[in-house]
Amino acid sequence: MEKLILRRVDRNYEEMVLNFGPQHPSTHGVINFIVETDGEVMKRAIPDVGYLHRSIEKIGEATGYPGFMPFTDRIDYVAAMFANEGYAIAVEKLLKVEVPPRAQWLRAISCELVRIASHLIAVGTMTMDIGAFTPMVHGLREREEINDFIEALCGARLTYNYHRIGGVAFDLPEGWRDKVLAFLDRFDKFLPEFDRLITFNEIYKKRLAKVAVVSREQAISYGLVGPNLRGSGVDWDLRRDMPYGAYPNFEFEVPVGKGWAGAVGDCFDRYYVRCLEMKESSRIVRQALETIGQTPEEIMAKVPRNVKPDAGEVLSRVESARGEMAYYVVSDGTNKAYRVRARTGSFTAMSIIEDISGGLMVADLVALISSLDVVAPEIDR
Amino acid sequence: MAQSVSEYTGAIKDTVKSFWHGMSITLSHLLRRPITVQYPDRTPMPVRDMLPPRYRGFLEVDTAICTGCQACERACPINCIQITLEKDPANPKQRVVTQFDIDEAKCMFCGLCVEPCPTGSIQHTREFEGSQRNIRNLTFRWSDALSPFPVYKVDKNAEYYPRAPLGSLLRAKLEAHPWNEAGPVFLPPEAPGAAKPVAQPKAAAAAGAAGAAAPAPRAAPAPKAVPTNGVPAPAAAAAADPVPAAEKPVTPNPETK
Amino acid sequence: MATVTLPKGNPRTKLLVTLVVALALPVILFGAVLVLATIAKPEPVAVFVREVLHHDPATWPFTGLVYGVAAGLLTFMILNFGAVVAAVTIWWEMRVSSRMQSRIGYNRVGAGGFFQWIADAVKLLLKEDLIPADADQLLFRAAPYFVFAGFGLIFVALPFGESVIAADLNVGIFYVTAVTALVVVGILLAGWSSNSKWALFGGMRSAAQVISYEIPAGLAVMVPILMAGTLSMQGIIRAQGAWPWQWFVFTNPAALVAFVIFFIAQLAESNRPPFDLPEAESELVAGYLAEYTAFRYAIFFLVEFGNVWIMSAIAVTLFFGGWQVPGVAAEAYEAARGAGALPAPAWWGLQVASMAVFFVKTFLVMNLVIWIRWTFPRIRVDQMMNLCWKYLVPGAFATFVATLLWQILVARVPVASTVSGVVLFVGALVALVQMLRLAKQNVEAGGDQVDLSNW
């Protein structure tokens, strides 16, 4: 690939080709960017993905339907709950199974908690990429608490494997609800503190303002999803516009980029949309926990042990922390899927980098990558 | 870019103000308590006891209540559980589990094997400290051909199944040998005088107790082995009777009691 | 396996050893610098040659040799001092920063992790010394020398105490500014010779940054020079008083601005965040350090942290009254010295007091540097230039002119400086109290409470 590019670069010595990655502290995993630069200013950056490819979709054809669930954790290990949910919904559609209401609420609670955790990583690493180390550690500190809750809920901190085809694996543990509510009280105070510490810091704002602006049209035509799409001013959120699960029961805002630091769709908008989304997620979790029944109910639908859906194909869509996540599952009537395809937000986000990186500085590339919140395993799967 | 005077001074003002707030926050954290958990040696109690009860650590099998139904083996998406069932030679009506290996190095701690277990015999524990110099030591052998266990007969009316305290069996296994011990040798050592083993495992197995390579099928419960699905292979049956050659392996197997 | 082990060693012994070393280190280093700086002067050497060796110092051919030995010892001790100061700065910075991030930080080697720097140094020295195959061998090896020379030479003109200075050059501050520039030569060499694109980026950024920021720094330094009327480090300190309202930073409103400009420029010159562009970890991996390992890396690291202490010391010298001990007039030192060949005990006591004052002030300014580092994000290259040329340089010129006018028009009235000093000092105190109150509010807003028990 590099050779290919080298051929294209004029042989004048003003320019050089820089291999940004795969081992680079701010590529968020193993991604390579081939950067053509003229001094500090880039001509363009070409993402070279595939270093973390693990054939997860192919594995989906080899394991049975329930057995693929833990592998979905590995698609996006920063927010594995959504990958679980998307796959579960897909197979439930194939099986035409109705999920019990309590399970749907538990799904919403777990997913929104994980969304907070994932966004804390996103904004935290973003501040670290911009050079401030302390906010990242503060973000991780809060994330640790969420991890503790999730661990108490399902037994794992990262690869949750909590959702099941037809429901969820566990009901709420004892005392969990009050602990999470107490945490949310603290967390709602943490967010303004975080904003004062870094978001409104003048250096930070200036570093992100008007950098790598993605226009509304660009965002749509490149298929950006989730906070990246909303950062560009497109008001689209599956949870509200195509509600699934328990989401119609909750009241929440969908933050949309407004050009807080100068231009709609710049790095700061994408960043700040995530900050606001954390607040909304906290609201959703609070509503869900306050209204969910205190007594254990059915959390699993009747699903045969040997899952053998009728032949057919389905598409399921969930609003993941990294945007819309879709599963396309084809069944041929056997107990193994004929095809499992996952559509992830990070992959499409990578494609826009080449287009908007022209004229940016090397330091801006770092901001751009982290503002898109790409997670390498989600790109490559 | 043109800049008005108010923009110029405003930029300075905003900068100073935002810096002031940012610095007050870092200063305030200087006065708060850190949250670090100083694993492993400065915790109020062992970390495994601080973990929630649902924690998915190493798998433990209580062989006393294992029904040998192999549901866990089928549920495992990565085939890290290996179970072999045979008829007890002394009592043909009783089936025994001659092999119950869990490769914890391969296990991804998803918990899918725990769910179908009818008696709760296989469970995740809160044990997670299992670093081993030799990765083969992470294959936990809950049963082997020398000391098979009989399958548990489920009492339909039982309210619960008497299970050993969770983690106690696993801890005993973990503490049975030091972390840096050499791993078990799954393949038998070559006999000193034997010629190069000809690649005829079937023939060798058929040769039974006669050849030095005889114990190959039974001493090789390699995790990779094809799932036997409980159908006792003829070779395994041959290996079940205590052949003197079976005692030959030079390296003692720490997991074997 | 799977058992909890207690920390090795007796914690009480560990604490005792740490305390002994932590106290002995400054005593030994400061004592050595004090004694040697006093002895390594022509007059005491002459007295020593006459009284002890019984030679006429004027005609004895080896007088120069004795002097040379004394000066050499002083150099050796000062370099050790620099190394240890840099190392302890690292320890302190890591402790403070970890608390800012709700962590504990160094706490394993020695009580409070105080010996971590020794462990780190040993580790770095034992690492394999690598030179990339395509690197420019000579320049690659030479770069750390430049950097270390630029660091070590500053100590020549650093006033530790009233008489404790290796050489009170009459162009002291000019000399300091000049030798500091050696560091950037080293960094540039390191960046270029590594033959790595990241290192080259780092080196180029560093060159652009340091050269740009020399200008506002130099102009800001002119303010105390104008106020003191001398370039000598000791002269600048002597021109200030011991009490806070007599410090240059407060006696002239323009000097306060000049201090801020000088401080920012110094941050940039020593590559401290938010100006750590040359080694910006998240952008350039390690910048000019990318290809360095082992001892060479250790030297760069040492200089980086040593420079924190040095820039604080220079700021204290120029703006915060240096070593001036409150209540001790300049004549008191002379009076306490006595007539003997060696100074009287009272004089030594005063010297120690002045060194302590200097050290405490430096420590406080150093904390400010650390505090800034762990709060702010990194600035971008173009913004760095923008800040320098659009804000700092005009500001520095303005303060320069304002100081000229102040000196000509206002400072003639003796009370003006005092009024300005008192007003600004009170303002600074109010700001400090405000900051502490805000911090306390933050603690309470976070639903937490002030808790220092685990420090």
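Each chain carries a letter (A, B and C) given by its place in the written order, and its residues are counted from 1.
In this text, contacts are C-beta pairs under 8 Å (C-beta built on N, C-alpha and C of every residue); 3 or more make two chains touch, one makes a residue touch a chain.
Owing to the predicted nature of the structure, the values given are computational and were not obtained by experimental measurement.
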Label of the chain whose CA centroid is most distant from the centroid of chain A: C
Pair with more cross-chain C-beta pairs in contact, given A-B and B-C: B-C
Chain whose averaged C-alpha position falls nearest the assembly-wide average: A
Distance from the mean Cα position of chain C to that of chain A, given in whole angstrom: 45
Chain A-chain B separation of Cα centroids, rounded to whole Å: 31
Cα-centroid distance, chain B relative to chain C, in whole angstrom: 56
Shared-contact residues (touching 2 or more other chains) in chain B: 19, 21-22, 25-26, 29, 35
Per-residue overlap in chain A, given as positions that touch at least 2 other chains: 134, 138, 141, 193, 197-198, 201, 203
Residues within chain C bordering two or more other chains: 100-103, 374-376, 442, 446
Residue ranges of chain B in contact with chain A within the complex: 11, 14-15, 18-19, 21-22, 25-26, 29, 35, 51-56, 75-77, 108-112, 115-116, 124
Complex interface listing, chain C residues touching chain B: 1-7, 96, 98-104, 107, 371-372, 374-376, 391, 435-436, 438-443, 446, 448-454
Residues of chain A defined as touching chain B within the complex: 63-64, 66-71, 73, 134, 138, 141, 144, 148, 151-156, 159, 161, 169-170, 173, 193, 196-198, 200-203, 205, 305
Footprint of chain A on chain C - complex, ascending: 97, 100-103, 197, 201, 204-205, 273-274, 276-277, 280-285, 374-383, 442, 445-447
Complex contacts: residues of chain B adjacent to chain C: 12, 19-36, 38, 40-43, 45-46, 48, 127, 129-130, 171, 174-175, 178-179
